[in-house]
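Pasting the structures here.
You will see subunit A twice below: alongside subunit B first, and alongside subunit C after that.
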Partner chain A sequence: MIFLKAFVVGGLICVAVQILMDRTNFKVTPGHVLVGLVTAGVVLSAVGAYEPFVKFAGAGATVPLSGFGHILAQGAIKGVQSGGLLGAFNGAVAAAAGGITAAVVFGYFAALLFKPKG
Partner chain B sequence: MPAEKKVGAQTVAFAKPPVVSATAAIAGAKEGQGPLADTFDKVIDDPYCGEDSWERAERRLLQEALEMALKKAGLKPRDVDYLLAGDLLNQIISANFAARALAIPFIGLYGACSTIYEGLAVGAMLIDGGFAEKVLVGSSSHYATAEKQFRFPTEQGVQRTPTAQWTVTGAGALILTATGTGPRVTHATIGRVVDLGAGDPYNMGAAMAPAAADTMVHHFTDTRRRVADYDLLLTGDLGFYGKTLLEELMRSYGHDIAERHNDCGILIFDRENQDVHAGGSGCGCPATVTCGLIMRRLRERKLNRVLGVGTGALLSPLTTGQGETIPTVGHAVVLES
Partner chain C sequence: MRQNAKRAFDPGKPLEMQKQAYKKMVKKVSPKPPVIRNSIWAFAVGGFICAVGQAFLTLFQGLGLSTLDAGTATAIVLVFIAAFLTGLGLYDEIARFAGAGTIVPITGFANAMVAPALEGRTEGIVMGVGARLFSVAGPILVLGITAAWLVGILYYFLGPRTP
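Take a look at the complex of A and B:
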């Protein structure tokens, strides 16, 4: 059941953004979408609205870009609790370290295996 | 006193119309699968053209087209007075590097996608002005170099908008001579830079249509000709939306061009089946279509008089990033069989 929920919820986030891009004649660019979803995730997470969403949809809520915003927000909150104001800055990136490192590592190996010349 | 060969505000009429004595059109794989496949002299299926970067691939395309035009005309590089060439990359590197290999006195041109027509106009002026007997003209573009230069890395897989056009991978070259047999260049109308405030780099056709209209209207006024005097009014790379817009604009100026107008960007691809959105674009688009299909039709006398208008969007990634609108230009040349 969680797979179905993840598929539907994750898909709906993408569909909503695609419709937004199409309906605005691509005035909303992929760049806007990237920043907008991450920011929306941060805000929703900060006010406590994203966590129930993650409980309901699992990866359907954590894999889209808004899930990255959620991780940043939660990391910042935990960072403040343990390390004060500085923790707000350290905590966010520390919580997202897995995703960031994976991007660097996979990017590195893809560049070794293929010819990135685009 | 106005110049002897100048007609009206923007047009020149050549006293002894220079001859297009040889042409070469080389295209990439996607273009080779399109409706104009059999009009190209050569289709190179490898997007790298045997080189190790896209930029080297594009310059290989241009150099091969220039060499092929020379060979067809039976000329050696030293027989040619000037090479006029340009492309879309920073500092026109494809043209500069191809010129390095040929060692012909070189005049680099930048008219964005209008370059082949700018070259035709300037080359014909050099010849009819008595400054040259033989001029080699060429221009090129490559899908992957243009994406890198103007848009996003192709690996990023950014969605293309419905109005986006597909940059043609290809190069066209032609030899202009003072005498000989072949289609002749009788007039040239040099375009003004026009900017009606379009700023979307994914909708170049709409940005360039007003420049094409401006040049066409001035051409008709200067020469006192009408649409019916031409078998074909050919624009460079307006694509589907730009073509529609140009026809509307021309109607508002009192010229109904729809029946006789076509666009290289529409001719070169099968829009339904090749997923090119609004059509083809890039220097290679008017260059390969003009040096291939159009010159062949003129030689066969299936077309007798063509007004070709090369259209160029004179933006850079920097100006787009700074939110500037897109200045555009259209250069027109009359070709007769």
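Take a look at the complex of A and C:
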């Protein structure tokens, strides 16, 4: 059941973005899409809407990049709860460190090991 | 063609009108994206990537990781797969059909790092690959971290007081 929910919810987010890219007059690049998703994730998480969404859709909510924003925002809030003002600086990146490091390391190795096509 | 262009940009008309005529012409000439077909592809591929993510999430939770740690481990695995497929040139092949279905998931974030970095190899492995890795990821991290920092600050000043 959770697989079906993840599939449908994750798929629907992609469809919404696809329609946004196809039907608006703005030139929406992948970069804009990803920045928008992260920021939307941070805002939704801050107002408490993202956590119930994760409980409902599982990976359908965490795998889209808005889930990355959710981790950043929750990290910042938990950082403040445990470390005060300093936590606002520490918390967000600390919570997302695993994903960021994976992206940097694997990305760097992939770019070094493979030859560009064309 | 030339006559058409002349009619669209009558130099006697004010610049603003010429701009609008040009916009209309571009809209008419540029092909309309097949919205339905694109949406079906985006749904199928994006949904599939999330279902694969759910499989890893369930697996890691079964191994005893907390929900948060399982999420991080899942992100690491998905990023690895996406970086590998981008290196092989396969991810961008799928992306031609799947559009947002391959951009929205965290695999799209990895792809947006590796694809420009591959192109940067001619400029060296420090300022070429090293810098290009962040040509798209940079803005994402800047905006994401700034927004999250702001949330932390707001929470500090306006959030519930801990005794």
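Going forward, the second predicted complex is superposed on the first by the 112 of 118 C-alpha atoms of A that agree within 3 Å, B and C clash if a C-alpha of one lies under 4 Å from a C-alpha of the other, contacts with A are read in each partner's own complex, and residues count from 1 in each chain.
Just so it is clear, a residue touches a chain if its C-beta (ideal position, glycine included) is under 8 Å from a C-beta of that chain, and two chains touch if they have at least 3 such contacts.
Note that the structure is a prediction, hence the values are computed from the model and not measured.
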| item | value |
| --- | --- |
| Which superposed partner A:G84 touches (first subunit B, second subunit C, both, neither) | second |
| More subunit A residues in contact [subunit B versus subunit C] | C |
| Touched partner set for A:P64, first subunit B, second subunit C, both or neither | second |
| First, second, both or neither for A:P116, with subunit B first and subunit C second | both |
| Which of subunit B and subunit C A:L44 touches, first, second, both or neither | neither |
| Partner chain(s) touched by A:F26 [first = subunit B, second = subunit C, both, neither] | first |
| Contacts of A:I13 with subunit B and subunit C, given as first, second, both or neither | second |
| Shared contact residues on subunit A - subunit B and subunit C | 21, 30, 116-117 |
| Interface residues, subunit A side, partner subunit B - complex | 21, 25-26, 30, 116-118 |
| In the complex with subunit A, residue positions of subunit B that touch it | 53-54, 144, 147-148, 153-156, 158-159, 161-162, 202 |
| Contact set on subunit C toward subunit A in their complex | 33, 35, 38-39, 41-51, 53-58, 71-76, 78-80, 83-84, 86-89, 92, 99-101, 103-106, 108-110, 112-114, 117-121, 125, 129-130, 132-133, 136-137, 139-141, 143-145, 147-149, 151-156, 159, 162 |
| Subunit A residues within the subunit C interface of the complex | 2-3, 6-15, 17-19, 21-23, 30-31, 33-35, 37-39, 42-43, 45-46, 58-60, 62-65, 67-69, 71-73, 75-77, 79-81, 84-85, 87-89, 91-93, 98-100, 102-104, 106-117 |
